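Structure below; questions to follow.
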């Protein structure tokens, strides 16, 4: 009971402390809005456009989640392939790394040209492309460093590699997998917004950011950033809940 | 011997196959340069500007590496703090996730305005900000899921948490740490380029990309992207070598 | 259906890094007829666990052949049950779900409930009633070992390979389990290979005891245990058994090249 | 300098999740004078490993106190050496570097070379010469256990806690190590707590044997072993020792509430 | 009704009002067109979109088109209607920091984003006005920080689009009377600005569609000039977080500085003066090395322009 309350209170407290620090920083430096807006400026901007925030947040959120879902599927696939075969690992890793070192912002126009007008698809694609790599890496590491004693339990029964993956490797690496998922979730968000900002098509929080930019409405821009952060945190807690369900066993009792 | 040769040949082969596929894709679709340049177009562009490529690659590389170095230090710090203390974990995680869900591209102007004219510093800062999260996550997970049997070995001797971290937790999580480092390295690259493209100041591959854009020189733009990929791969192999040295033990014999 | 195990002219060496290969098994020959139980004893590090891996198909010998039921072992089979020396349990599964694991792999027409029932029954037999739904980390060392034993038995294997399955147990629990194994074997016959350091255990459970020499392991001595099938702990105190134990002890001493002490009944 | 260990009125129960707490130790009282060696025997799962964790300061009792040298244990101490039941070695270190680990933690004025030398000497004594630079995964189960024993000894601890340190070893290697422990103790005295299932081992090594009952563990019986300090394996065959073994066996039977069988010399 | 996707070079701002008005006031519908307008990410984004045929028509900087056609000879894209007779390329400075005339730029600090369109013309501007580039300290800045840097006084002037930079500065609290806008076209720059571009493959097949489109655009421009507030409102309808006054202002500036120039008022909207264009090409060559020989006819054609009375703005 008290521990559950604590779990809720601590993050809230941390956020409040952070907001106070931010407000203070802006106030102390006497920064104008266009340099950095303070939380007290941001709230009115948010309130004014609250309907838009709700609508666009949903746009951004669903496309992020779809992109992330795709990233999980493809990332796990690559991870499995690379985790089980050393050859595939040395073949694919450099390609994936090279691909990931390319800023996705520069790919946005290319994608937009190839799939003209399919805004939702393009957005999901970018969210996916930017976020699958951490998942692939973590799964491949989880598999390639899996202790042989664990594998042997099933191997001795003649189980296939796939079975070993499902029954042993995947559950064993779930904590790392979820860690990667947290990273990927934030990346997918960035991907969605990138598309919304760079290749505007009138939807999503990225678009609202752009509007703010056109009007030099700095508080609005900061409000969008905060909204993004909040959505990111929301998505994070969804991942945490999934993690509690599927990988709760891995949490070690910290101190007694 | 033959395995070493294989380790070298396989990635090369994979890259060649990839280039051929790319060339074929462009040729088959008859895509003009401004839609997608093919490798054969890219080479002349690269050759023409090879001096600039060398110079700018170095600019981009060193700033990326410095940013990454900073990310490692800060990421490990946060990871340790969150890995050892559940309270800190529930306090910091949401803040970090929120921060990471904000597209760094939108922060570039803010940073640029706060530290006016300090281009190198700004670039390094963005590279750092975009890349420290995966490291923090992986270290914190490594620590929080560390098997108690391992900790007990040193705990029973009255070793401090820090000692346990250095002697047990860090080495044990090195494979995951290096996995995160690979992800972070590519992210740091993106960060550097983001700064170079969004807040141009005439240096780095991002600037070269921009020049290509101004002159509608599409092969040059693609050449820059390839150069970024190559630098990314280079950085990746540096990480791999470090990994071989420090975490080679974790690699399990794949098949007999 | 139990099948015979035959190990013929098996040699094996471990190759690691740039070092010299470490020869472990040197021309080993063991035959276990269908439905019989063979115990292998030998000094620590001589290659007993290696032997179990060869029989289960997790490892292949450099030379010689290992066959099950006359067929050379090319890959692990689902009809083998194996309890490893280090009783690794999957941390993310409860005890009963660890035990049930082989039934998820092996084809079987049992329903989910039947599987759980079978696992629960085995757990009860080894004295783990009440711990079915605990996590492995909540068990003591000996309790884990017993859970691991249940896991090796749950799918009614034709061949059972046990690598020091009772090492972490006290004498009484151990003797209970010997009797349990004896009873199980009568109801569901299997061909057994038991690695042990306990000579009384080997004589109680096995039809044949193989003494290995120090590394690289060779067959030093083979003892046929001609005690009745339905042995009790008291059978171990019959003159015949006492004599067998003495012989084994002596042979082990010779195998290890130790100074001959007064041969005493353990 | 060896210090005394005293366990007074200790009660402990494990609390997991929403379940009922599982009482493990129930009013335990054991005193081990300075430089003496006490063996604890008891059925599997009764709470022996829990006891070692309490003494080493890795766990704190719900009730009662554990003191070392008169001082209550508040935290682990570097003057304690501990060999865990599950001999975990660090995979990324070679064997010798695993053994040397405690010397890296404990303050000591030994040079790097001296440390390695000491570790190598211990490894040689337990029969692991030539394996110093192997990885833990290249060792057999019994070899790991021996390496773990070396690790517990390398920093000359004042208090030595051994949780079934010889469980995976064959009888002869085991007896060698008993003698080794005896010799080490004479040269570098320590206060010892040994968990074991082997009654002969307890009588050979200990000055006092404590028999625990089934979970929750109570002290069932305490035996003072008045054999000479310089025991040999043959001491175990003296009538006195034989009688002690018989008493222990009988007491354990009672502790576990088993039907009384004919009390026999093991 | 013909579906005709149209891509802008930039986001939905006041100067895009004519196209939205053409939609809202039914001018496109009158031509039997259904036009969907998309925002863009700079001319270099809009041109390939049209060249690949993804969009049959677009709006982009003609100087970028010149370079694009030089790099990709034969690409099926050409300009058909000039909209910004005077390009909005400008230097905006602050009187309080000593910038009142062109000559004041010497010895001052100029903030310029390297990829900026206005900055790209600065060498020509300097040459035409005899400025010594070595006496101007150029500070590379990013787009997002350009105006704030000037507002904070970290630079004395910036290069930029007259309407964007000027307005942003006002929004940042710089008094209007403190601002000096030096429109490069008023100081010797012959360059043209943004034009409607088309995919030539499409245009050749559907000339009447293009002509109809251009007719409607001209109507839109007239509507915008007649009622800038309504124009701005049409933009805001598509850009919910926008500010009507601001966009109306931006639109007015664009109309006054770039679209409804003296030349346009006299000769009508949309066509070019070939002689001036040739001079413009020479000026482009100052900063850009042509691979081939640029020819006016591949870059601009008046073939699709509607009858000239439809283009008169009075």
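When the chains are written out, they are named A, B, C, D and E in that same order, and each has its own residue count from 1.
Basically, contacts are C-beta pairs under 8 Å (C-beta built on N, C-alpha and C of every residue); 3 or more make two chains touch, one makes a residue touch a chain.
These are the chains along with the protein names UniProt gives them: A, B = ABC transporter permease subunit; C, D = ABC transporter ATP-binding protein.
Since this is a predicted model, take the numbers as computed values, not measurements.
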Original post:
So which chains are sitting against subunit B and subunit E at once?
Top reply: A
Subject >> Touching both subunit A and subunit E (chains) >> reply: B
Original post:
What's the chain with its C-alpha centre farthest out from subunit C?
Top reply: E
**OP:** Please identify which chain has its centre, taken as the mean of its CA atoms, farthest from the centre of subunit D.
**Re:** E
Subject >> CA centroid of subunit A to CA centroid of subunit B, Å >> reply: 16
**OP:** Go ahead and note the Å separation of the Cα centroids belonging to subunit B and subunit D.
**Re:** 49
Subject >> Centroid spacing, where centroids are CA-atom means, of subunit C and subunit E in whole angstrom >> reply: 85
Original post:
What are the residue numbers in subunit D that touch two or more other chains?
Top reply: 86, 135
Original post:
Residues of subunit A touching 2+ other chains?
Top reply: 34-35, 113, 148, 250
Original post:
Considering subunit E alone, which of its residues make contact with at least two other chains?
Top reply: 48, 52, 144, 148
**OP:** Please name which positions on subunit E make contact with subunit A in the complex.
**Re:** 5, 11-13, 38-39, 41, 45, 48-49, 52, 54-55, 144, 147-148, 151, 167-168, 171-173, 238-243, 246
**OP:** Would you tell me which residues of subunit C are touching subunit A in their complex?
**Re:** 56-58, 75-78, 80, 82, 84, 86, 88, 90-93, 101-102, 104-106, 135, 151, 155
Original post:
Which part of subunit D faces subunit C closely enough to touch in the complex?
Top reply: 14, 16, 41-45, 47-49, 85-86, 127, 134-135, 138-143, 146, 163-164, 167-174, 197, 199, 233-234, 237, 249, 252-253, 256, 258, 261-262, 264, 266
Subject >> Touch list for subunit B against partner subunit D, complex >> reply: 147, 149-150, 152-159, 163, 167-168, 171-172, 174, 247, 249-250
Subject >> Of subunit E, residues touching subunit B in the complex >> reply: 44, 47-48, 51-52, 64, 67-68, 70-72, 75, 113-115, 120, 139-145, 148-149, 152, 154, 288
